[in-house]
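We call the chains A, B, C, D, E, F and G, going by the order they appear; numbering starts again at 1 in every chain.
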Amino acid sequence: MVNGIERPLDLLNQSKGKEILVNLENGSQVVGKLLAFDIHINIVLDNTKELEKGEIKRNIGLAFIRGNTITYISPAPATS
Amino acid sequence: MVNGIERPLDLLNQSKGKEILVNLENGSQVVGKLLAFDIHINIVLDNTKELEKGEIKRNIGLAFIRGNTITYISPAPATS
Amino acid sequence: MVNGIERPLDLLNQSKGKEILVNLENGSQVVGKLLAFDIHINIVLDNTKELEKGEIKRNIGLAFIRGNTITYISPAPATS
Amino acid sequence: MVNGIERPLDLLNQSKGKEILVNLENGSQVVGKLLAFDIHINIVLDNTKELEKGEIKRNIGLAFIRGNTITYISPAPATS
Amino acid sequence: MVNGIERPLDLLNQSKGKEILVNLENGSQVVGKLLAFDIHINIVLDNTKELEKGEIKRNIGLAFIRGNTITYISPAPATS
Amino acid sequence: MVNGIERPLDLLNQSKGKEILVNLENGSQVVGKLLAFDIHINIVLDNTKELEKGEIKRNIGLAFIRGNTITYISPAPATS
Amino acid sequence: MVNGIERPLDLLNQSKGKEILVNLENGSQVVGKLLAFDIHINIVLDNTKELEKGEIKRNIGLAFIRGNTITYISPAPATS
């Protein structure tokens, strides 16, 4: 499961095309399919949804998230 | 729909000339047509509007937004 | 109206000698004539006025504003 | 026990494959097995759990934690 | 009055030896004679006074002010 | 007592292997034996203890503390 | 009195071996004899005392203060 993660960005690389959960510094959460990221941890998600207490609050679609506002990122649990 | 997004800035590049929704660190939102951006995510919008709870609060016109104050950016839903 | 804006700083360049409205991170606003700016978005305004809820609160005259404290900048609406 | 720690990152290096406790700037804590880190103190944990007052609040699985949000890190006490 | 200000630091240069009003991020204000500054906007004032609601609260004398804590600077109105 | 301190990091160098008291930006304090530090003021402590109002609140053992979260550091008073 | 201050760090240089008052971003103050500083405004004080409303609250002895937490520094008024 954790094969091939030698550097932190390897996890993001493995997550491309998959759903991830992004926690922001202001306490909110967004979930979406990871399309792209860079070394500043700027990321682009597709089919992005804002969550509130685990519930979907708003559909955003495509989103560019600035790396500086991110606390942590994890592969999203299956939600379908 | 997500063709051609390999790096985060590709989404901003594709959004040039289109309406985007910009979420700021202080919790406010602005919407406007993306005219220009740079690698610091400084952006210029035209026909900018400040939103409050999804409603237009104020028309600003042209606006330069400093990248450091931005949380995330998404293509704006059609509003016309 | 938006001719010639290819990079974010182009808007500031076009605004030299004109009134701009500067929104600061602490929520306050200042308005004044843009005399100079640099790549850190440090700016100098002439005939600067602090605003509170859109009303002039204080005349400051010349002012040096540190870029790091700026949220966004827009050409000021005509006030005369 | 403290052999071989000459530079701060040596402690993280020794902790690879072991459980660590990560304290975040927002006051929350996560615990997990350290898989990778870089010089920005970005880290990847496996089997990550969010803690609240020392109790497990949520299982996250794999997690990428941005270094800028970390206060301090310590080897986790045995919890089994 | 605004002759010779082509870059933001020109205003600080013109203010050397004169009284300036410095607004800090924590909301407080200090006034004093500008002796020196650098590109980080670190400044040294002489005959520095802390203000509270425009009134002198405390005499500080010489002061080194770290640029990162400054919001904006303006030439002080004549106070004698 | 203060011989040999010509640069700030000299104090940290002299404190290696000794107890230091570390004050963090969130207002908390930790005390422990300084094992290592770098130019970012990232530090590793051994036998680390979290303090609350001067009392030991929790034993942490080894700890990596990110420099950016530190306010000030002082040699700890003898506590045995 | 202000001879020889051409750059901000000159004031710190002149203050070596003398008492200075350091104001921190969290609103607290420390006073002590300046032993060393660097270009990040990291400083080391000897015979450091924490102040509260101008009164000595705690004796700290030697202290390393991280530059990023400093608001301003001034030569301390004679206190003996």
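The rule we apply is simple: a contact is a pair of C-beta atoms (placed from the backbone, for glycine too) under 8 Å apart; a residue touches a chain by one contact, two chains touch by 3 or more.
From a predicted model like this one, the values you see are computed outputs, not experimental measurements.
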Quick one: how many steps at least from subunit D to subunit E, stepping chain to touching chain?
-> 3
Euclidean distance of C-alpha centroids - subunit A vs subunit G, Å = 44
Between subunit A and subunit D, what is the gap in Å from one C-alpha centre to the other?
-> 19
Chain centre separation in whole Å, for subunit C relative to subunit A (CA means) | 35
Subunit B, residues touching no fewer than two other chains = 68
Round the ring, starting at subunit A and heading to subunit B first, what is the chain order?
-> A, B, C, E, G, F, D
Subunit E contacts subunit G in the complex at 24, 26, 30, 35-38, 42-44, 46, 48, 60-66, 68-69
Touching residues on subunit G, where the partner in the complex is subunit E = 1-2, 5-12, 25, 27, 41, 67-68, 70-75, 77
